[in-house]
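First the structure, which I've put down as structure tokens, then a few questions once you've had a look.
Going in written order, the chains are labelled A, B, C, D, E, F, G, H, I, J, K and L, and every chain counts its residues from 1.
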Amino acid sequence: MNDHIYKKVEITGSSTESSDDAIRNAIKKASESIKHINWFEVVETRGHIEDGEISHWQVSLKIGFRLE
Amino acid sequence: MNDHIYKKVEITGSSTESSDDAIRNAIKKASESIKHINWFEVVETRGHIEDGEISHWQVSLKIGFRLE
Amino acid sequence: MNDHIYKKVEITGSSTESSDDAIRNAIKKASESIKHINWFEVVETRGHIEDGEISHWQVSLKIGFRLE
Amino acid sequence: MNDHIYKKVEITGSSTESSDDAIRNAIKKASESIKHINWFEVVETRGHIEDGEISHWQVSLKIGFRLE
Amino acid sequence: MNDHIYKKVEITGSSTESSDDAIRNAIKKASESIKHINWFEVVETRGHIEDGEISHWQVSLKIGFRLE
Amino acid sequence: MNDHIYKKVEITGSSTESSDDAIRNAIKKASESIKHINWFEVVETRGHIEDGEISHWQVSLKIGFRLE
Amino acid sequence: MNDHIYKKVEITGSSTESSDDAIRNAIKKASESIKHINWFEVVETRGHIEDGEISHWQVSLKIGFRLE
Amino acid sequence: MNDHIYKKVEITGSSTESSDDAIRNAIKKASESIKHINWFEVVETRGHIEDGEISHWQVSLKIGFRLE
Amino acid sequence: MNDHIYKKVEITGSSTESSDDAIRNAIKKASESIKHINWFEVVETRGHIEDGEISHWQVSLKIGFRLE
Amino acid sequence: MNDHIYKKVEITGSSTESSDDAIRNAIKKASESIKHINWFEVVETRGHIEDGEISHWQVSLKIGFRLE
Amino acid sequence: MNDHIYKKVEITGSSTESSDDAIRNAIKKASESIKHINWFEVVETRGHIEDGEISHWQVSLKIGFRLE
Amino acid sequence: MNDHIYKKVEITGSSTESSDDAIRNAIKKASESIKHINWFEVVETRGHIEDGEISHWQVSLKIGFRLE
């Protein structure tokens, strides 16, 4: 049987809406250029604040994809 | 006065909807067999991706409960 | 050009609704007394459980603000 | 010769007296239901404060025991 | 579709032969009493030494299994 | 129901007697100027040594208190 | 004298045989498309289990290579 | 003999010149409002980049000072 | 408004002069092939020693850049 | 003015009495052969258990001493 | 009963064969000059790569030995 | 071919001038008594402050050297 090899890259997504949305945005963008994305792992959650409100949620994640 | 003792176990919940839902699902399942659950601590957030979309959010958490 | 100096303080917000809401509540409260809040970093997500349901989400975060 | 297998569980003991006592209480309670406890490792020390005094020391520890 | 919930437990296997064998021994022992074991994660590798030789490899790992 | 917000500050207490005393001293001092202190978490335990004896135990802890 | 610059990428190799083999497989695959690979650092060792046996060892590693 | 109590606060200094200067700037600014600063511990070094050049070094540090 | 997505890559720069120079060299090299580099975070500082002198400072950093 | 250089070594002390005593025993033993010991930092607290009681407290600490 | 004191030193072994062999080589070498070595703990696994093959496995470990 | 074994020791250098100088001072001092020093890794950067100025930079590093 074959032994798959995976690569992980770290990306940071942002969203004005929610932390989950920042993750979804990052994955949507990454999947435009990367095939076979398999999983993600959240590395860090942070955000920018303007006038006492969160203007951007920013979530760093690692995404893993199979090398062909 | 009495000194309570707690135990922590690590569980991983999953959800097709959101990271918070994965946590709620894990706690709901755990409370079927464990009494006196008191608190949880998130350990890791990750998920599976299919065709560029998150198919499952997976959150690992520790839950603490009082030993009788 | 001038070199800004920032201070970080750690706060814990809570919410009965969601983890994101606990963050928003913490920032709203902090911005009542702190000016120039610039960013936040999530440190820990946890919560209280009552009768198998999450009664309070509790998120600890560091907020950074510019010193005048 | 035989190869032993151990299991670790995480418990939190509390005491009104001292941090060491919180550890002893946790181990005493655990040994009521677990046989062959061999060692412990302190994971976290914290406590509750009331009126400027420590009302409870709380120490989380992992205890390791031999599986039969 | 259904949302699986997993539990993780930490065990320590030992072997006189190799680090990989300590892992295999731990999993073999755990699978005697736990069904649906799905994955493992190595937490720590250590061992005992006698007369300048490794007498036991000891590997701590978390194993994850599906709750029914 | 209301959602409390907490702040954490890091302090270092010292004692010539014991590690627990260094914690008690830090909390006693902090409670002179901070109201509603709720809990503490030990961050680091260290100390000074003179002539082969511990001259000061020094324990760093975070204390959490409710913001009014 | 010249100052080399290196880049690190994170990959996950798998093997049905052993943890060392998962590392070798990852490096063999990576060296098909990356030149000047110089070193690796193990980040995480885990694996899949089927019927109480390890079906795949999975090792995540960082590999460093010189940029031309 | 008396037992001193210290407080630590986390600040981030910046500089267009060097990482050490970012630390010096942070301490100079902090000492305008805090007396008895005794030591610092570097927490994180990062910076902003514009057009391939470092425009600002940013160093986060904890500073410790004696409470009176 | 639009939500930017960033990618982070880890590089190691070296210099015979200083730790700051190793960072500058890494960024200069990376900016030859990567556009829109925005920030860096130091991950590790180390170096080679020959005859009791530092022959090379080596600093690993993550650099973040905006994906177009 | 002169610039002191320090060395740190890691030792593990044990005691049948308490965690603080394990630290004191380690320092007393180390000071038999090392001069100018200046400070210690606790690295890990653990212990052996026999028949549900702590038979030995074991504390690992780093001790720092000035090189002459 | 007597309270043993242990010292830990960190060594790095290498091997052209396997990660386990790098550990064995480190211990064999250390035991030439150190008596009463009791245990080891793996700290880091890495290696050198030449022409897409692992030329050396390098494993850093702490070894603990009883002080007489 | 032969398999080298290395030892790491942790030292803390200080300097009134800069963080890099504290590292250089530590290595210069260590090389008086240790042969074959090969590399260093920075563990912690801190310092003493007097009257709002850094009086001493203190950098802890591990140095690795080949055992003969």
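Criterion: contacts are C-beta pairs under 8 Å (C-beta built on N, C-alpha and C of every residue); 3 or more make two chains touch, one makes a residue touch a chain.
In this text, all values refer to a predicted model and were calculated from it rather than measured experimentally.
Undergrad: Among the other chains, which touch chain A and chain H together?
TA: C, I
Undergrad: Among the chains, which has its CA centre at the largest distance from chain K's?
TA: C
Undergrad: Can you give the whole-Å distance between the Cα centres of chain D and chain E?
TA: 22
Undergrad: How many Å are there between the centre of chain A and the centre of chain L, using C-alpha atoms for each centre?
TA: Computed from C-alpha means, the inter-chain centre distance equals 38 Å.
Undergrad: Among the residues of chain I, which ones contact at least 2 other chains?
TA: Correct list: 9, 19-20.
Undergrad: Using the contact rule from the top, write out all pairs of chains that touch.
TA: Touching chain pairs, listed by label, come out as A-B, A-C, A-G, A-I, B-C, B-D, B-E, C-F, C-H, D-E, D-F, D-J, E-G, E-K, F-H, F-J, G-I, G-K, H-I, H-L, I-L, J-K, J-L, K-L.
Undergrad: Okay, in this complex, where on chain B does chain C touch?
TA: 19-20, 23-24, 27-28, 31, 37-42, 63
Undergrad: Spell out the residues on chain L that touch chain J in their complex, using ranges where they run on.
TA: 9-16, 22, 25-26, 29-30, 56, 60
Undergrad: Applying the document's contact rule, which stretches of chain K touch chain J when the two form their complex?
TA: My answer: residues 1, 3-9, 62, 64, 67.
Undergrad: Under the touch definition given earlier, write down the residues of chain J that touch chain D in their complex.
TA: Contacts found on chain J: 18-20, 44-49, 51-54, 57.
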